[in-house]
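Input: a single structure, listed below in structure tokens.
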Amino acid sequence: MKKTPSILLWILPVVSGVLFVTLWYAVRSGSGLQSWILPTPGEIIDAAWREHTRLLRAAGNTMVGALAGFLLAGTLGFATALLLGVSRSLRAGLYPWLLVLQMTPVIVLTPIIVLWAGPGLPGIITVTWLISFFPIVANMTQGLVSTDMNHVALFRMANASRLQEMLLLRVPSAMPYYLAGLRIAATLAPIGAIFGEYMVGNSAGGSGGLGFLVYSYNTQIKIPALFATALTSCLLGFIFVAAVSLLNWAVLHKWHDSYERDDH
Amino acid sequence: MKKTPSILLWILPVVSGVLFVTLWYAVRSGSGLQSWILPTPGEIIDAAWREHTRLLRAAGNTMVGALAGFLLAGTLGFATALLLGVSRSLRAGLYPWLLVLQMTPVIVLTPIIVLWAGPGLPGIITVTWLISFFPIVANMTQGLVSTDMNHVALFRMANASRLQEMLLLRVPSAMPYYLAGLRIAATLAPIGAIFGEYMVGNSAGGSGGLGFLVYSYNTQIKIPALFATALTSCLLGFIFVAAVSLLNWAVLHKWHDSYERDDH
Amino acid sequence: SKQTAEPTTTAGPVKIKFQTDWYPQPEHGGYYQALAKGYYAEEGLDVEILPGGPNAQVMTSVAVGRADLGMTDGDDVIVAIARGVPLKMVGAEMQRNPQGILFHTEHPVKSLKDLQGRTLMAGAGSTWIEVLRKKVGVEFNLLPLVGDLARFMNNTEFVQQCFVTHEPFFARQRGANVGTILIASDTYEPYRVMFTSREFLAKHPDVVGKFIRASVRGWVDYVTGDPAPANKLLAAKDDTMTPEFMAYSIKAMNDYQLVSGDPAKGEFAGQLTAARLEKQIKLLQEVGVLDKPVAVEDVATLEFIPQHKGSRDQTN
Amino acid sequence: MPLMVATASIVQFDAVRKRYGDGPLVLEGINLAVAPGDFITLIGPSGCGKSTVLKLVSGLNPASEGGLTVLGTTPKQARDRQAFIFQDATLLPWHTAEGNTELPLRLRGVTAAERKAKAREMLALVGLDKVSGYYPRQLSGGMKMRVSIARALTLAPELLLLDEPFGALDEMTRNRLNEELLTIRERSRFTAMFVTHSVSEAVFLSNRILVMAANPGRIHAEVKVEFPYPRRADLRATPAFQARVNEVSRLLHQVELPIHA
Amino acid sequence: MPLMVATASIVQFDAVRKRYGDGPLVLEGINLAVAPGDFITLIGPSGCGKSTVLKLVSGLNPASEGGLTVLGTTPKQARDRQAFIFQDATLLPWHTAEGNTELPLRLRGVTAAERKAKAREMLALVGLDKVSGYYPRQLSGGMKMRVSIARALTLAPELLLLDEPFGALDEMTRNRLNEELLTIRERSRFTAMFVTHSVSEAVFLSNRILVMAANPGRIHAEVKVEFPYPRRADLRATPAFQARVNEVSRLLHQVELPIHA
């Protein structure tokens, strides 16, 4: 990868943003689409401003569920992958059931989730977790089994325990995989929470989140406001993605080839 | 990883399956849950048998959408990651918009999808694609930037073009990442299609898929049949996962450390 | 946007598409009856009924010309038109929306006021929820409607939104003692309506008129005559639909006078009145669903409403 | 071939054969008894199976046929009393030179302070005290190998396996580390199995040199080097030393010629 | 230091300094002119900057200060006329020995048949024709390095950079490959910059030997080796050869002593 002056890295998203918005307006006027199908960016920002108190409160509520679900997925995903990484037998025995968990449509589990976790926040967290859990497990597991066999030989020779091999060797070398999984989960957390609000949410005590707004704006055909809600959800997502990118940098920049600049 | 006799790899899922089913029955009887929250495995299999023509037909319909969406995600995800991998500038300009695409709740896009792709199958494929696309892009991109810098130096010295470096070096070395992404997408494809049937599907011309059955069993409170539908969706998913595992083996077993047996 | 209807000068029936808001079900029975009994054909129409689903996008479909006419809840159409979607109501399918509250008789809901303080599963953002909160003055805890009845079945205190023509049958079939109460009341009287796009209306008023006439005829026949022809079509589309259920559904439509309306108030099948629409628009404004007023002429045209006598004559 | 009493051997090969998977035979009929205190060097053409012999002793790969005991037990069970310097440096990229050096101590649960002290001592021995905070990607090829040597020496193994540890080093550093190795051996009395391509290094370090032949790998001849330990640097200048070097070189010629013929 | 006319030089360093990032100075004031046909060897202690010099010439790393031209242009632009044998074998794990060998030809768009023939020829030259279908993980350390040599030789570069290519090989193979290298050079007349730790290898191959010192890396002395090419194996046995070896060794002693003092 050629070295890019770092100012470009700030300018380019802006340039592509301008292009994107222009394209948007072009599509709107060119295709004869109307505001109730595809509002213009201006209309969306208008709506966001008009609804900003509601949006902010809802975003706050959704953030709680998304964050908790994300953290749960990040930690449980890590732990589960460790378990799967420990032995081929555990992998053979557990992986199929994880797949079943991942592949069962959430709607089927909704009543059970509500019953066991409770409606509202606990249920929302559970749904968010369910949705963002598997990408982490799948990636981290692949990372754990991809360890350089020469390094494994080193640990074997040092008579390292299974646990030491896992924690001091396989886990660090799986970090790029784990972080890629975490990045996927970061994008899934806010939409997972919104979906969770749909499925098991509850409006008690003003705890309605973006999911409620999506639903109401949709029923009430407040399309610009609906897009403003989507925008808000994207902004939440960006917070998660930014956090993961920061973590990625902190963990990898000193030693991993993805941060290697060929020119010093 | 210690070598496990391969017979164990077949027996263990069975053992864990038996444990799982036992646990299931224990939960059912211990918690006083009723059939319409959590049917027993027996009831589910009963229902699956009773409804098998309907399930099979629906599964066939869903499979079409899931497969097409999956293949689209697999190829477009690959291509997009190539584009992102080519330069840091492209990455900086495009990645944010990909994130926006991924993080916008599908319901907001539904009218546009219906309008541009059309309702029914085209819309279902679009939704499935939307859902399984990003994990592939995120993983493959991480893989493309994780290439060993010594190998990159080799290509630079051979005066390889940007394209050659991408296709002959970065792509092969990113394969473990790509395949992990594909595995995540494999689990997402059937539930994505079911979700798509919900969002943009219709049952025209007997094309109702599993999503339609989920809905109708749900309103008709045929909970065992509902779980049988979920089971069917899992089985579809297993077909995808198995296909990806096979691909994984074919691509990696000759050279990648994840297939290295330390004992010959 | 393209229209599928051809000028009627040529011989042969006019092909049109009609978009329903859900999977084929008895709540669409009138259209299927009209189809099965040839009422559309008699009018020179070749109607294709497009099934919907949970996110059917009925109004969008009609507005962009993917379908020529459609049906859905009346106040949704009012709101859409107020927001600039170029549609117009052309007739009523039901005089009252079958939307109701499903409860266990152990914890009954005798009037809507009984919902005070309870937990209700319903579609967030629905107009009637705002009406209940702001006009009837009841406060309740809202759970989003997913479409499952499992939670309802598991908890006798649970109440949930339903179609009085639909869910109670299945809940009773599973042994629950349930009752229903219609949401529509004197305060809030939503229609279920047929609508089309302004463009289609302007180009083919004759087709619209014929469609309404045949559909209302089909509806009256479906709920008062022998529903077998429509039911056969429905069962072919969705084989989970049993005869018992369809019979129940039709009975509920009659019990609640959904299609025919209350003759004592001068209501009849297909009717839309300016007064009721006016009242509805005002209500929507009062509860804040509509932020600006809209004229009745803009949301509906009454020129296709069949005369009461006429519709009765047709069923004879 | 010398055959000692099995119980007294540190390493005992009995008719060991090795093939990887269903590939060709890599080692054929290896018989070898390593006595306590032996410094055995394996020398022979590239690909003749030297690394494979060490991997069998370490238990990283199993023998296909024949008997093999290490420190009176199986190779794997003897692991906590062995150390292995691999042919590649095999450093963990996420640890600094120091972190890599102290790794085996860390795996044994040695306290942070103690292992830090030991790691610094060993890094100083290989001349890398100034770059202890460098990550592997910042080190030169020879520096990496020296970290790997320092790492193995932090342990006090009974049996040390060394696979071309000094191949990437300049002659001076190499000679100095040869001498250091023998000094350490005076103190901790380990037995060594050593692979090198340098005949003079082999003669300087070992009491026994096994010349291996390839296709399939086998022991062609053994040369005893009876110079008493401790050996001093000036040994290299003696005619007796040169004679041994010539003898080994002559044996190497015998095994190498056929390959490239 | 010899200073030739810049236009005639294959490689020209003018007061080049190099540091990695904000690390310490690694190379200081390097002045060097490599003439067409030169076979220049860099020799010096581990970590003195030999690999760094080659990386600067290859353009893989930029010089921090000073002027550097390669084949009359910038290092990067001269790349299609250079080949680099890295200190590590750097084989692609997903290609066989043959696949790795033919890679540079493939990158140049040579047809499959042609590059296969060339790869086989080069693998035979390094004695690996029998294992051309092996994947890197199935090869021994020396075999990997030989594949990497074969790979570089498939091209006919004007400038060949070799970073300890023969370090992992036994003496016989090493000598033989030394001789092969000179034979190939007779044919294709490349200029070479070579890194080794073996003084006799340096003397046998080069016409100029640069002895480098470390901390910071610099050229300590240059030794000219005037034996005419083609050189034959028996050159090694001549007293003149030994004299050069001794001279270089003596210079090495000068630069090495301070480091480990």
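The chains carry the letters A, B, C, D and E, assigned in the order they are written, with residues numbered from 1 in each.
Just so we're on the same page, a residue touches a chain if its C-beta (ideal position, glycine included) is under 8 Å from a C-beta of that chain, and two chains touch if they have at least 3 such contacts.
Keep in mind the model is a prediction, meaning the values are calculated, not measured.
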### Summary
chain B and chain C share contacts with A
### Query
What rotation angle, rounded to the nearest 5 degrees, superposes the C-alpha atoms of chain A onto those of its identical copy chain B?
180
### Message
So the centre of each chain is just the mean of its C-alpha atoms; given that, what is the distance between chain C and chain E in Å?
### Response
84
### Task
Please work out the Cα centroid separation of chain A and chain C, and write it as a whole number of Å.
39
### Summary
Expressed in whole Å, how far the mean CA point of chain A lies from that of chain D is 49
### Message
Measuring centre to centre with CA averages, how many angstrom lie between chain C and chain D?
### Response
86
### Query
So which stretches of chain B touch two or more other chains?
36-37, 107, 111, 115, 149, 153, 156, 218, 256, 260, 262
### Query
Considering chain D alone, which of its residues make contact with at least two other chains?
20, 60, 88, 137
### Query
What positions in chain C touch 2 or more of the other chains?
60, 64, 146-148, 150, 154
### Sites on chain B touched by chain E in the complex
150-151, 153-160, 164, 168-169, 172-173, 175, 254-256, 260
#### Entry: Parts of chain B lying in touch with chain C, wherever the complex brings them together
34, 36-37, 54, 107, 110-111, 114-115, 119, 197-204, 206, 208, 212, 215-221, 223
### Message
If we count contacts the way the header does, which residues on chain E are in touch with chain D in the complex?
### Response
20, 23, 43-47, 51, 87-88, 127, 131, 138-143, 146, 163-164, 167-174, 176, 197-199, 249, 252-253, 256, 259-260
## Note on the structure
In the complex, the residues of chain C that touch chain B are 23-24, 50-57, 60-61, 64, 66, 146-150, 153-154, 166-167, 170-171, 173-174, 237-240
## Note on the structure
chain A residues touching chain B in their complex are 1-4, 8-9, 12-13, 15-17, 20, 33, 37-38, 87-89, 92-94, 96-97, 99-100, 102-105, 107-108, 111-112, 115, 134-135, 138-139, 142, 145-149, 152-153, 156, 176-177, 179-180, 183-184, 187, 190-191, 194-195, 214, 218, 223, 226-227, 229-230, 233-234, 237-238, 241, 256-258, 260, 262
